[in-house]
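For clarity, chains are labelled A, B, C and D in written order, and residue numbers in each chain start from 1.
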């Protein structure tokens, strides 16, 4: 097997901004009322622990905020009412698990909408407001309610983003740029009027026309003397999917072969910095993933996990926040999931089975604990040291298609002589591949509890330890990486002499 | 204060069929996915424990069962799919808390519907199927799925009811009786084809035209040689509401002044028994309450609790099952509730505060434990004895309007001489009136956790005990009942001499 | 009924140091391993929330810290071992519920003891160490372990007290004062050697010879140039108990008739302040209660609750910490409790029924929230205002024996005109007296779950609200206090106009 | 690697009585009050689910049942009291997790004992009663209390065993056989007097003098006309341990080389059957394990797991119940455990890490589900079929010492043609060896939560699936078994065509 020789020293240093836990994506906000959604999100918070959560649907009708109550049939009147019963349940829940909302303003309440266009199975209205004053009031009443309930000091830490992907006609009628800028201006001012310390961002565009839109957006802001606090955009990394049966199959883009730096995002930084007024403004990737459709089986694979690992090592180079789309398969954009695995975006499935990519996030979170400095970073691994001189790393064998390309990362590190324990947590197609177990068991779509438990038992990393010795100031070890494997490792100095004299070698009859 | 002298003997006996826990109503089935819904229902099961649960919406689009998946835009086909992801979550939950579904077939999936008519804020389609074969298949695929998942022996114990209130045009287009009979016949046969041991009922009518419909329904069945297993109907007990602002205020009917026996339901029994083929068929009241609108403040009051107590003492006379509409305020027919109290149907509020009527059900459930015989029943109380000769009762001061009519039930019971403890649990406007506390605190609609806890602390019965002595074979005690009060009592023989010599009177300095 | 007229103004101010939650007492530390103990303590933390917990037995054999392991029978040796398995379980638990240990050094491990004298059913050895170096090492190894496990910054916030009540021969052989001073000196130096920032206190004496001991202790410290960080003592408030059957009945001391200020404790302050070196040193009452025996039925009564309320209003005058002895009836000094109520010290019983005195602590804790200033304090009530100008108070009718002395506290407060809600939480012999319910039900000693639940339902305060109006700058209200009653009240300005137009008076038919 | 060729057919049948879950051993009953004990036992019940639990200490002083309360110092009397506070807590807990007590009568309450001899760190008194009437009364009061609390129908299903290992002088003063027979007779009669339907057994002997004692016991019973309901004995399977440092290291006996059938137990059956009166009486192995000391590191190993697997395949041949000693490391016979691994008996450690042998019990429990017949059994594996024709088995590579003897079990089964999934759960020294991880991490004795979690993550079986095809009526597969490995497998017929058309091979790019 091929060997990559990697020599490390504590004196090395390379750039690594690790915002792995900065934000996570979610399905429509109304789903947050579901017990199943809450269970899936709780697992993510327990094992990973994100800071913000962002998704669509704050103002959609299932959240029931904007209400026109018609009592005319009973001799009464039509009154406008703002109902926060559901919103409070959702945000109480988020805060109870240490998540803060990243507020996306949208979509349009049916009774406030100028048109009938909707998006998704769940029918979010994506037309401009028929009355911008009503829209402004909706924003302000909502923010003031939140401040009343959760306190101003808390609520102003919640970023505000205006709408979602207006550069796609499905998300914004005709992808009408001028209309979006109007929406942005009204919304921006509405928020700042409530409290100027809110951070407001846009234009929340997806790839394709991103450069054009971002440039135009900044021109508009400059012209209007608006200063957005953050520039937001999305990033997906596959070619167009090929649809067959219920699914779309998508080919990954090559992360090592990008014109403007992986993962094709550096141009945004450059555009912003070309405006003296906005130079250095924070960029938030408010959505990213491999494929952008929730019926792409790639999401369920070890291949996805390894590919995302590579992304996580680099996304912090230009961006201050990036939000994987999405935490769980409790999601409805293309309908309600009908089988356990179905190509959904989630890090976890229905029934709370973690997919391989779940562990990508967990492993990068481990790198943050006591983070001191990064000493190695390439397309197969990233290695850091923590405050107590423990070495930690994540390795990955990223493939674009099956090729039999297994390899070994062979590390040599300059350390003090003595004994070390090498701890590894392995996620690969053999030892942590719930998709395969589900497949082998017959791809049953009915989720019986015992099936779920069985598959879950095959969805955790394989944990191993090994004692190795450093002599002459060097310690060496190999991490084998089959295709699509991802491995976390940790090297700790350890004294293997028990203070109670447990004689392990005697017990094990190792002479 | 007025005294009602009530003399009781263990040799008395009067009719009392106590089906208090036979069934409970629920809002649309899609709500059962909500965490809040589940919490409210869990409280009911913990303190009361119902057997069945019935509500609308099994086949509505939010349950996402009937799916036409259109992949034509991706070069694929339109396929029909039956998706049980949500149904399984809901029924798994019900069964986990010892509830069985009472299956109401309805309403119409949008893509199967012949028309656009919908009912409620949540838009249930109430038109006939455009294709009765598709409807039949939907029923059968669903039942077969349930049998596959939960086992035939379990599932055939779940009653099946065809549609809801077809005698109202809102629930069934034009209240078209012939069309309903067709629906019934197709549905009945569809179910029996799956398993003839299913119990199938109809016509699920509400009051008004109930006599006409039930009679016609039985004629139809007779003509078609269909034998429904159970006749179902609804019962509400107020005049037409008067609407003001957000609410409808309704006047209770007099329970003591009914032409055909309280509570106006005996006619159904008579109609059925007039058909020799159907004589003695079980009647299920698949919905009952005082008011039939979820914005009637009466539901939140002690008056409601006392009135329902009187009903519960009598509903079993003619009916084998009766289902209070509904267990909780997590309910959406006229919109999402916007404040803690709002006249909702629920036994419990958002945030799980039990309303006074919650205790009516709890108290009648106590009467079932070890039930031996009923020894007294009138419009102010019901008294039973249990297997161990403990006397238990519920008293109620039912009022139709405020009149200052407080009274005392003064009981005398023939028992063995000795000491007895009289245990009372009191629910009245002073000691167990969460509505008043919420009102006094300012009727705040925002549900802060500490407010909820405070109001909850005023929502439990006041429990007292008193030691009384029987001499000359008689024991006497008074239960004071202010207007709208409801009191549970229990009289147990007790030896008050502790086996560890705890000298209570000395401790209390009672000489 | 007698009326106490109490006029209050926001401009008043009187001294009130509220350390109600500073510390709580516990039975032997080994009991902290019990599930039942943990449940009782969790309830206290949930409803009251203490900061520290103090009790005996850190070094007793059931905690298994000091071990001499004799392997000679197997050809091995005797080794000394310090085993922290149980200690870690206990302290992990305490910290998990936001409690910090108040470390009492004692009693003597059997194998380190110079004699055989033990105290209590659970046989704590109360003799000096046979080797003071071993004692010193035990202290130091233990503290270093704690620092290693919980961190230095945390552990140094845990006060250290040397032994318990050495002025009683049962607790310290012969009540040998010179020997105690030696123990103190060795222990003090042992602790300070580990970290000089630990706070170390003594002499932990009980009443009787307290003045003599405290004076001598301070002389000793002065002579040795030791500066104790805190002076600790205990306080109980009954005459000698009279024993009958299984119980001791004790008469309360008069709190209003003390030679040196309630509750007989001010002399300690004076003694300390008479030493220029120690003037102003903090005093900790590391134990207090009414009776000092765990078989005194007084503890279970409402009388106890009212009496302790009066104490809590005053204990902060001279003392920085006071620790009620104890949180729960899971306690073994005079044997394992054999019946639900048995005169135990606990705020809660086995099975987690709160006793009346539990609420005394809860109510005084409410006074701390947003505490701004105290505006009234006498032997019937204490009243404070909080930061938002809500008035809060606790009233109590303290009796020494049953006399029929019911009274009313009649408050008049200068406030702004408008509507107010008066919230009361009442604990008295009628509405919150679980002892009576248990008694009336037959004083059964077997704790069946349903009995426990029934009694528990009678152990919570009765909560009421009432809307009252202030006119001409004054609002008035009465709190009725039967003998031994204790009532919490809160007066809040409130707007009773609902923003959703719920017409409470119409619902209630109050015209 | 060596191959064992194993040919299987559904028509085979061999003897296999699987009582794996019949009973489990426990440390002293007083430990059952501990939270930690309860957590460990809950895990066993969740994953394995035993029926009975048996251990020592029912009547020991920490359970506080027999009380002589001396109030003479207060002018009162000495009274005898039976205190069931702790017993009720323990048995309530057992029943709450579906465990029934197996009642072992013993040891002697200190105040009822004739001597001072004690056993274990926790000092159980092992001398005869000084008054056999008092002993009889203790038994009877206790059983009557249990019947009162839990119901007669439940309690008579709890077996009663008289004392423990009276053939060892440590457990019964002088191993006095005559005195034991007296104890048995008194106890047997005491129990039968309470209810003749109790099942009473003895003599609870351990190996060594077991044949002599069992024979004499049956002679005694015969002579006295006593008919014990069950004969009880113990079984351990190591040579004498060799002690070094804190531990005893023990060599396993060879299970394949026993004079009277594995595991040396058949003689008991023969002795009993030689008495016509007792022929066929049930035998209960009320304790078994490899080593009989709780400081034998063997218990923590994979070697132990494989060895016990072999035992479990055979113990049902002669015995109706067998109880592994013990479920958890919360155990005190030789002191409180001082480090995570320490050679304790438990299936689980402190902190709830399952040891390899835990899975032996889990795997054999899987064999019971839907058990139809056993089709293979030898010293390397046992294979059964269930009601639905799924094949299930456990394989084990039992070693007595390290020898490099790895092998493969190569199965060939006659089945219908088609696709099958082979599910395996592997426990071996590489993939499920928490002892090794603890060792490699430095054998730290302090149980920090994060360490526990890390080691726990290496303590679950490795789960894999593989699809294999049967052609020509045969399916073949290999299970590789390194030394001390134990593997569960399951072969299920499965259709691998998804009904939603998930194209696994395309996703995985397997062409």
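Throughout what follows, a residue touches a chain if its C-beta (ideal position, glycine included) is under 8 Å from a C-beta of that chain, and two chains touch if they have at least 3 such contacts.
Owing to the predicted nature of the structure, the values given are computational and were not obtained by experimental measurement.
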Mind listing the chains that sit against chain B and also against chain C? none
Centroid from C-alpha atoms only, then distance chain C to chain D, rounded to Å. What do you get? 45
Could you put a whole-Å number on the gap between the CA centroids of chain A and chain C? 49
For chain A, jot down the residues that touch at least 2 other chains. 244-246, 338
If we use the touch criterion from the header, which chain pairs count as touching? A-B, A-D, B-C, C-D
In the complex, the residues of chain B that touch chain A are 33-36, 38, 64, 67, 69, 71, 74-76, 79, 81, 83-86, 88-89, 92-93, 145, 148-149, 243-246, 248, 335-338, 350, 446-449
Applying the document's contact rule, which stretches of chain C touch chain B when the two form their complex? 244-247, 249, 297-298, 300-301, 338-339, 341-343, 401-402, 421, 423, 425, 429-431, 435-437, 439-443, 445, 454, 457-458, 460-467, 492, 494-504, 506-510
